[in-house]
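In the two complexes below, subunit A is the common chain; its partner is subunit B in one and subunit C in the other.
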Partner chain A sequence: MSQTTPTPAATGDATARSGPSRAGGFGEAKRSVGDWLLGVLCRSSAGVMIAMLVSLLGVLTWSAWPAISAYGLGFLVGTEWRVNELQRPVRDDAGKIIFRDGEMVTETVPQMFGALPVMYGTAMSSLLALMIAVPLSFGAALFLVRVAPKLRIAGPVSFLVEFLAAIPSLAYGLWGLFVLAPFLQEYVGPTAERWLGGVPWLRWMFYEQVIVAGRLIERPIAMTGRDLLCGSLILAIMVLPIITSVSRDVLKGVPRSQIEGTLALGATWWQSCLGMLRYGRSGLFGAVMLGLARAAGETMAVAMVIGNNNQISASPFAPAATMASLLANEFQDPGEGLHRPSLLYVALVLLVMSLLFNVVARWFVVGKGGGVSAAH
Partner chain B sequence: MMTRWIRCASLAASMLLAAVAVASSKDVRLSGAGATFPAPLYTLWVSEFQKLHPTIKIDYRSIGSGGGVKAITDRTVAFGASDAPLNAREIEALGGPDAIVHIPTVAGGVVPAYNLPGVTAELKFTGEIIADIYLGKISSWDDPRLREINPGVTLPRLAITPVFRTDGSGTTFVFTSYLATQSPIFAGEIGAGKQVNWPLGQGGKGNEGVAAAIQQTRGALGYVEQNYAAANKIAYGAVRNSKGNFIRATPATMSAAGEGHSDALKGTVFQANIWNAAGPDAYPISAFTYLIFFRNLDNLVDAADAEAFVKFVRWAVSDGQKFAADLEYAPLSPEVRAQVESVLDRVTHKGQPLSTAK
Partner chain C sequence: MSSALVRRRLFSNLMFGVCISCAAGIVSLLLMVLGYIVWIGFASLSWGFFTTVPTGDLSDPGGMRHAIEGTIILLMLASAVGVPIGLFLGIYLSEYDSEWYVTGPVRFVADVLAGVPSIVVGILGYELVVVPISRLTSSQVSYSGWAGAAALAFIMIPIVARTTEEMLRLVPRSYREGSLALGATKAQTIARVVMPAAFGSVTTGVVLAVARVAGETAPLLFTALGSRLLTRNPNEPFPSLTLQIYAYATGPYPEQKRLAWAGILVLVAILFVVNLAIRWAAHRHTRQRTA
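What follows is the complex of A and B.
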């Protein structure tokens, strides 16, 4: 077995901030067949990854094309998602249905697809999930970095947090459907209604408006437990591990001198923790963005508990749908016309959105200078 | 060394070929795909038929009506199954009405299922009331219109949560098609189809998703297939039919909806919408479920396959019908059965009539 002397590039320079050093740094001095093979393998693996992403985008765009060309960007603001054609009675100016020779006069309304309700559902459920998960994750990360090592329990607690990430999403969904949703239906919803239902400016939370044949009907929202709130809670639990573990690594990277400096200046324990959070803010922001990307793309668990109604409702107690849950529900056996292309258009939007989240997250965690970066 | 390998390989290959040849001369393998609603019955039919004809192996995959239509259009199966009758566009894609056989196998019904703790009496509904519940016009169980047709039942003051199916399904097609005949506003706002845009309520995927939502929500009203509700002990109500009688869905009342229809057969395509049927005992939200295959069975390799397939279908719509009621499906009425059997006589393989024709 021949020992090759490690090149400077292979040892890795801890202080180097310029990323990977030279292009093709696979040992320039002695090129053995093994080195050459490894180089080819690595490059082609990386190439395959990029090719996969590009082909994914290409295939999605290609198969969604009928919907893209039919609706354009209006798809992103359309509020109606209707697979079937309607035979709508024609009404005169007074709103009366027109009859001709005893037969009702009807017009055919073609099928219509718009993604705004599911985009809204994705945004709202992800935001609510982050509002719940981010404080918990940062708290847990601070605990793991500052408290747990002294108590010698950092290892087991880290393991448990990361174990949460290994639970399949179907298990979360079943737990949400059979434990969380009934609990919300039985206790949380009614309690909120009893305490807040009488507050005039919180009426939007407990009433929904339905437009039937041009008439607006306001009716109380039935507390079912399978709603935006339940979906967000499940998402919060699912994004906890990733935000916690990334922000733990970020906080671990805060230089000791920084912490000791704040303490030396007379900062309390709380103030020094705040200092740590401020020092690692870009990395922490990246952790949140990674959580957001996971929340936006989560499918099965959300589809089981969110209520699956393509509507835009401000209330957390109203059923909603996300882009991913829509795909889970409808993609298996799509209907005629533009239904399938429209579902693929939704998938394309979701993919582009997740890509953007990840790019932003990467920019903050790794790319940008200053602050603390985490090996990820 | 090399020659020995080649000899071994060729020996193995010839044995494999022989095995295939033996298998193909003995067994006929047929596959079908489509609707989930009749799947339990089709599975039972296949196993019962196999007891009579051990050499005919049939495989049915319940992938949904849409998938079944796509599979037969792509000619990847011997037959497709669909709960909704094919529309003109779909028939055109298969080569036109003369190229296909489109026959009913059994009838079934869709029932309004509910979760009302404390109410043990069986509730009564009308199509119009169900439509108004889904439209949001009726929002509480103690609505005067519900009380009026349910005298003697103490209905609680409880919000109604409508539950619907999110995936495309024949169940939704039958249910919405019926409601569209009962309420012009329903027809104009929600409309009929395998998948529609519900303005409010909870969505569930498949019968099981809808059933779970109903069972977990006090005050829920949803729709599932009658045999699913019966098998899972979900409470469901009676619906008023076109003669004004409140009818509970049973194999007998759903069969009653499928009676008559002497004019439903056009060439080899039998299509009949039996919701809102005229009989005094007919359950109003009933429908046939259909088999679709090519009249000239060229997608099957040889005539023996085609004959075995027709034998199976003929058995299913005659002797097989006795298994239907056990699984809470409605058997075909004698006149519908006669029409279906007359169609089977016209099936050919590569243009030649089959020996199974009578």
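What follows is the complex of A and C.
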């Protein structure tokens, strides 16, 4: 701090004037220029940040506009995603193809876009992932806060968990594609079918109903390993570290007196843990929301393992698609007409959804002074 | 002892075991993923991976020199824009408290932007950089390194800003007050007192942000596009390690898949070293502080 220059002239103090600052009006001006410059730089970078958000919303809305005006909010409940026009034979009520003058009568089915299948895929894969990841994460967070410090392994375990978050999603995708998916295809799928396939009310898990040549038939789902289940498992692995590290921070914030109080009242170890979980419930909820936001927006790993089938299917063994995986697969080379605007509409929905999740999560985590950094 | 108490204790011990196995499960998952990457990747790694470019020969597909260089250049371009803006924004959020009516919303926006799915950022890059440039040059779709770097910078800025802010807030208030009391201006205080005091931790934050961006694939899909040529011209479609790994991994050729494993090993190894080094540095830093 010896470098800082004392105020010259302004104070009228002789010692100040003879100080290390090479005095005079010029120095004064230069100093205020520094302040002015820093202020301008800082405020304009704040402007850049606002502009980033505005451009994100504005540009997506603008370029998705043809689809928005064509489909409106019905886009969100539309189940068809037909990129190309379709020629198909007209059938009568009995499902017979109609012939006229020996020629098949065909009709043209126009392009149609609806986002419900991908929204369903996103919701199902995220929820399944959370159902797997949340209990594991809370357990691990309790371990890190209440057990690991005594064993002196809190540091290494925390590092491993945080490094799990730093691994690029491409690595998980690769692992999912070449290790997890074949494993599911060869072992988990057939085993599940052997045990559960005979149960009448679980038929929907292993059979799909499709319309072939105008008739509704039921056929077994082909087990490829690349399905909703695989996508959910990969997502679960990917959201584990974020939920674990945020809930660890939340649980660390529980006052010691709270824990000691429950123990003094005769609670067992687990009962005092329950007390901690109850005390930190809003922060923990925020942690789950952060995990949900991450899961819903995750792209590469999911696109590699979920099978990319843009249809709603109840079975976890059927291939599915999420909003992000649809974008990754189709945006690069979109077809004619409303295909690109529709994809942009999907992107807009994804953006708004993740903004909502993040806002809610921040509300619960940061609102309680959790001190959670953006790097999470 | 009443049977209720016994049951309570037993259940507690059971849950104790469950918590330990949760942590053990997560750690073993990590080791499983990492172990497989190291095992397969190491077998496919060779010196040629770093020194040669794709040959077009399917049985001997060459290396990934172009992609490694491409990623480094993309990161440098993105950092050149993203790091200064992020730093100044962090300074603003931390040091201009009197403008709380601006810093509050901006901090919120930064937090929210840090959570935007990276694929959406890639699409924004396409609409905002690729499409206008294509119109201007009236060429086909002009994917470019510039667009890729812009998308990466977009992701980098909120992360750098928020970590910088938090690190600056750790600098004691008395430092600032002392500096101001000696007659320094605000800019001098920040540049010569606050920033030096937080230099280590701010650098850590910046490095982590760059490392995080280095592993991104989705924002580059529609901006840099990827390339199999060794190019340093950001006006062209630009190679990147992650894009090349993705292309090889999802392609049909086994030799290329081996290269993808080698590539992911290199990427994960670099990230591991960076994370470990930063943790070590932070640890040493706090030890020195307290000593």
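Here is the rule we go by: the second predicted complex is superposed on the first by the 318 of 376 C-alpha atoms of A that agree within 3 Å, B and C clash if a C-alpha of one lies under 4 Å from a C-alpha of the other, contacts with A are read in each partner's own complex, and residues count from 1 in each chain.
In the analysis below, a contact is a pair of C-beta atoms (placed from the backbone, for glycine too) under 8 Å apart; a residue touches a chain by one contact, two chains touch by 3 or more.
All of these numbers come straight from a predicted model, not from anything done at the bench.
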Which superposed partner A:G34 touches (first subunit B, second subunit C, both, neither): second
Dominant contact partner of subunit A by residue count, subunit C or subunit B: C
Partner chain in contact with A:I217 - subunit B first, subunit C second, else both or neither: first
First, second, both or neither for A:V352, with subunit B first and subunit C second: neither
First, second, both or neither for A:N309, with subunit B first and subunit C second: first
Touching partner for A:P135 - first (subunit B), second (subunit C), both, neither: second
Which of subunit B and subunit C A:V105 touches, first, second, both or neither: neither
Partner chain(s) touched by A:L177 [first = subunit B, second = subunit C, both, neither]: both
Which superposed partner A:Q87 touches (first subunit B, second subunit C, both, neither): first
Touched partner set for A:A321, first subunit B, second subunit C, both or neither: first
Intersection of the subunit A residues that touch subunit B with those that touch subunit C: 177, 328, 332
For the subunit B and subunit A complex, residues of the former touching the latter: 63-67, 89, 135-137, 139, 159-161, 166-169, 176, 180, 184-185, 187-205, 212-213, 216-220
Contact footprint of subunit C on subunit A as seen in their complex: 1, 3-7, 16, 31-32, 34-35, 37-39, 41-46, 48-50, 52-53, 55-56, 59-60, 63, 135-140, 142-144, 146-148, 157, 159-164, 166-175, 177-179, 237, 240-241, 244, 268-271, 273, 290, 293-294, 296-300, 304, 324, 327-328, 331-332, 343-344, 347, 350-351, 354-355, 357-359, 361-362, 366, 371, 373-375
Residues of subunit C that touch subunit A when the two form their complex: 8-9, 11-16, 18-23, 25-27, 29-30, 33-34, 36-37, 84-86, 88-89, 91-92, 95-96, 102-103, 106, 108-121, 123-124, 126-128, 154, 157-159, 161-163, 166, 175, 178-179, 182-193, 205, 208-209, 211-212, 214-218, 221-222, 225, 242, 245-246, 249-250, 257, 260-261, 264, 267-268, 271-272, 275-276, 279
Complex contact set, residues of subunit A against subunit B: 80-89, 97, 104, 106, 109, 177, 181-182, 185, 208, 210-213, 217, 219-220, 222, 224-226, 303, 307-311, 319, 321, 328-330, 332-336, 339
